[in-house]
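First chain A sits with chain B, and in the next complex the same chain sits with chain C.
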Partner chain A sequence: MRTQGPQLQSLSPEPRPIRRAGRATPYLFLAPYLVLFGVFVVLPALYGLWISLHDWDFLLPRKPWVGLRNYQNLFSPESRDFSDFWQSMRATGLFTLFSVPFLVTVPLLVALLLNREFPGRTFFRAVYFAPYVLGVAVVGVLWRFLLDPHIGLINQSLSATIPWTTDVPWAWISLVGMTVWWTLGFNAIIYLAGLQDIPRELYDAAKVDGATRWQRFLHVTVPGLKPVLLLVLTMTLLGSANMFGQSYLVTRGAPANETRTAIMFIADTGLRTFRMGSAAAMSYVLALTLLVISAFNFRLLRQEDT
Partner chain B sequence: MTWALGAGASVALGGCRESSTPREPRSSTVTLTFWNGFTGGDGEYIKKLVGDFNRSTPGIQVKMNIYVWADFFQKVPGAVISGQAPDVCVMHIDDIPTNAARGILVPIDDLAQTLGLKESDYISREVWRGGLYKGRRYGIPFDMHPLGMFYNKAVLRRAGLDPEKPPRTRDEYMAALEQLERNGIQGHWMSPFPFTGTLQFESLLWQFGGELFDPDVTRATFDSDAGVKALTWMVDLVKKGYSPPNVGQDADVIALQNGENAFNWNGIWQINAFDEVPRLEWGVAPIPRIGIQDAVWGNSHQFVLLRQRSPNKEKLEATRVFIQWMSQRSVEWLASGKIPVLRSVAESPEFNAMEAQVQFARQAPYIRFPPAVAGIADALAMVDKAVNQAVLGKASPADALKSAAAQATQVVRDNHEKYGD
Partner chain C sequence: MRATTRPLARLPFYVLLLLLTWVFVAPLLWMLSTSLKTNADATRLPPSWIPRPFTTEAYVPLLSLGSETPVLRWFLNSILTATANALLVVGTSILAAYALARLEFPGRRVLFGLIVGTLFIPTFVFLIPNFLIVNSLGWLDSLWALIVPGAGSAFGVFFMRQFFTSLPRELEEAALIEGANQWQIFYRVILPLSRPGIATLTVLSFLINYNDFIWPVYVLFSPGSFTLPPGLSILQGAYTTNYPVIMAGGVLASIPAIILFVLAQRHVIEGVSRSGLKG
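And now, the complex of A and B:
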């Protein structure tokens, strides 16, 4: 990405034509990754598809073939999983809807601040990144006690009795808030790297042209960050759609199961009630939904390009 | 002390020690692996017990792994499939049928027979029968751990109540709550979460004469009149202001420690946690009779053996020695906050010196366990949901129970089909 000096260019040798024997070279370089990808992603995914067509408990000798029944159940209101599954999908959707805007914009603001020269900059970079290294168990327990409606520090200092963990919409505010606090460091680092890739000359040129700070942000920073934005948006969307630990630890899905996310319900179905077939079918429905959303997302940002 | 306990315990095991005590293998050292989920305060006690065992039996060395229960139940099937199953485990009574049906556990009728164990040795018929699944024995009881009523003596005194006479009946209990309320204290914080809300609901359901399921466990019946009465009583505590609304996880017990809450119905395992709180004056009593009869939720840890790819006779023998030794030392284990299962231990002076445990043990005759059928935990999750919904005021007790019971019925029917009960 960095601009290269002219003398460097003249030093680089002419690209040599790839010899016939060298055709395999790129594939050899790719091979280790492809093997890992195949063994740990493609094969399990296909195996999962196979499982989703059975009533599958990995310890029972009988794993009857049920065809598409596991999928049909998810779409027929009288089945055991229908309402629970779609409630959990709704919870996942709501969490994604509430959290992504904050997770995309707040880290950008932080990155813009941390990109400026000021004393103690490295210290603050560390401070914002620090929560990200904590495990979800630590974060969950910490916030559960901070947010407790009666004995928590937050309500104590507000002298209020807001049901942060036991009622909606408060539970959503809690879950989104703690997630932003916990993970904003990661997106901020990516933004920071992106910001540093924008050539300084462009800012200098814009300044010479008399652009205000806001105009420089809008016309230099934002276009320069576009690929990074797309990356951050897609990763954050997928990350939020896979939320599990926060709900599991802080709200336990309360009230009733309103904050139980799809992953939480799938884990429950597969690992606690040992209905791997149904759980696999649910995972595929979730994965397909996310695929569609990601594709839409890519398209949207590409269209803006033209 | 160990000598005295040993003597008491030999009686405990039916006096058949001479005749059938398995001999320790002499040839070489046998190493046993022992898995359990004692991650709480009881972890220290089990470590000490296993350490003592290893010192006293040079021929048998036990290596113990402690996992969080949730992890434990995910690791065990994997270990069994891959032929790496531990030699002996401890499980809850309601986990036995599921794991027996899934072929993780092996029947141990002969082991129980060698140890000379029989129903009359136990203080609760249910705890002995709970180790059975489809007529075969899979579990040997180690302890029981019921719910009980903890109370903060200082708080009772502050409200002018006698801290040495905790309420026993519904009328006494309501009068105490009323008096606490007049003194600005919300006396019974009602938790909407499984710990401790669901455990309270199940206890009350049985107290009002209800049952979780019909006798064959083909239909959920916790939405009966008894269930509605039980849950309504719980919700009314919130409505009448005896409990704050929206109690968070564990907030009820922390409030008791902080002197904000007077009563907390909690598990016996809480004893050691309260002991560690400085300046906390706490007492414990059987939970009051709110319904028409005495009943209280409880559970039991049981020794189980896992399916091995290549069963080893020497190891099996060593396991037998280990289980017997552990049962004999159960008084030391009870200090971790459990009540005995063996009649002789319950009657021993060593146990009767444990004040708090003795209060819990008064409930032994009417401790109730979840039904012993495979996959029952899946159906019981619906009870959690109903309690959460009703206590948080999201639905009326009757509505919450009705829809949860309908779902639970569907679950137990699926389970019958799946496990072929």
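And now, the complex of A and C:
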């Protein structure tokens, strides 16, 4: 492991390269991680593709090769999974469509509020972030109770009997609302970091030029925040497309699988009914969809720049 | 324009802040309050914030290990798994990140690119194949399934590499001249300077693992081997009409996360904003 003695090198008049290590040293440092990374990240990413090309039933000994048939099935209306899969994709799409606008704008308003100098700022920052450290399991059972049509706090305070968890559009409002409550702090903190990176001089200069508060927001804050905005938008889109726990615990997919998301359907197909070939194919179709949307996003926001 | 001098002008601002605070805190207080009620009291109308009487009876069925829903056992399983996973993540990623940040070797850039690239693969892609890999390792329905696979995550390496890269080169130069080898430099020079980063990564890894839901729901089957997240979903099924018990489960599950957050609040929030921005 240890090769040339360092003493010898320090005697030599030639300037040394910054780092001289034994040839094996870097790999020894990397080895423990690379074993985990190889077995649980690289291998499954490729293995999943292999599975998706087979009729892979976990419980049966034979897993025949079917080529692209699992993928074709997802696009042919007469196949078993077609309508369920696309309904779940629709649910994920709707959730994303409803939640992303709130998850991108509301945290920005909160971050602007917290960006002012005032006593207790750190305290409020922590309070708004707090729900995020709780897992979706806690958040889910808690909101299931708050949204209970009969004894839930929400209907009680509204003196209403709204079916928050069993009917649309209420179920969507519930899922979006609890998600905003749960994750608002996360996006707000990222915005806040972005706001603090905008140089103060830009605001001062704008003020000298007589810009109003709104003009300063539009011409200093928004352009300065653009990379952060793109980051938040991308992460939120990915997060929304991954939605699982809220539907699983609060609406249980109700009414009639209307709020059963793609991940829920994929997990059920692969890990409950053990039709893993189809499930793997579905997960790649969803991943590809996300990739296309993200790429589209990047292009769109970059073009606006010029 | 400048309202700072007149306290009255700041009033709407503070009202808004406190209103928001209530929105975030009220559900959590309601969970705590309900967990200290009798079932009759929890369903009484109109609802009251103060339990009448205060009782801890909802916690009793949760804490007995013999019951169908041994929340205490799930709690211990969760703490054990999240701790073991966090140690594994931190241990392997500080070593790897050190090599990637401070050592020259062929393939360094490609390897780092590959690792970071995997951050962009959505996690659900790994669900089915990792289930099969864990099965062939004989880890289904065991806590190993929760401890080991998640430790291969690229996030830890990425995060620590950012941290190590920011340390000045001169430090290790000096150590090198004094005859230290790579391991000594790593252990005596780099690690002590990186304590804040390591602490942040430890807390974040613990919380991520502690809160993970979908994976434990599908790889653990028997209630004895559950952790809290799948456990809470079972608890909800078993006590559908008894909300004090379910809320007591929620309170117990929240305690470690809240304590950790309060202790490391500044680091966690900074860790989130830092890791987010440099992504």
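The rule is simple: the second predicted complex is superposed on the first by the 260 of 306 C-alpha atoms of A that agree within 3 Å, B and C clash if a C-alpha of one lies under 4 Å from a C-alpha of the other, contacts with A are read in each partner's own complex, and residues count from 1 in each chain.
In the analysis below, a residue touches a chain if its C-beta (ideal position, glycine included) is under 8 Å from a C-beta of that chain, and two chains touch if they have at least 3 such contacts.
As the structure is a prediction and not an experimental result, all values here were calculated from the model.
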item	value
Partner chain(s) touched by A:210 [first = chain B, second = chain C, both, neither]	neither
Of chain B and chain C, the chain that contacts the larger number of chain A residues	C
First, second, both or neither for A:271, with chain B first and chain C second	both
Chain B versus chain C as contact partner of A:167, first or second or both or neither	first
First (chain B), second (chain C), both or neither touched by A:256	first
First, second, both or neither for A:58, with chain B first and chain C second	both
Touching partner for A:45 - first (chain B), second (chain C), both, neither	second
First, second, both or neither for A:151, with chain B first and chain C second	both
Partner chain(s) touched by A:119 [first = chain B, second = chain C, both, neither]	neither
Set of chain A residues, in rising order, touched by both chain B and chain C	58, 144, 148, 151, 271-272
List of chain A residues in touch with chain B within their complex	55, 57-61, 80, 144, 147-152, 161, 163, 165-167, 252, 254-257, 268, 271-274
For the chain A and chain C complex, residues of the former touching the latter	1-2, 5-7, 10, 17-19, 21-23, 25-27, 29-30, 32-34, 36-45, 47-48, 51, 58, 110, 113, 116, 118, 122, 124-131, 133-138, 140-146, 148, 151, 153, 156, 181, 185-186, 189-190, 192-194, 197, 213, 228, 231, 235, 238, 241-242, 244-245, 248-249, 263, 266-267, 270-272, 276, 279-280, 283-284, 286-287, 290
Residues on chain B engaged by chain A in the complex (per definition of touch)	74, 77, 80-81, 102-104, 189, 192-193, 244-249, 251, 254-255, 258, 260, 375, 377-378, 381, 385, 388-389, 392, 394-395, 407, 410-411, 414, 418-419
Complex interface listing, chain C residues touching chain A	1, 10, 13, 16-17, 20-21, 23-25, 27-28, 30-31, 34, 42-43, 45-47, 88, 91-93, 95-96, 98-100, 102-105, 108, 111, 114-115, 118, 121-133, 135, 148-154, 157, 169, 173, 176-177, 179-183, 186, 207, 210-214, 217-218, 228-230, 232-233, 235-236, 243, 246-247, 249-250, 253-254, 257-258, 260-261, 265-266, 268-269, 272-274, 276-277, 279
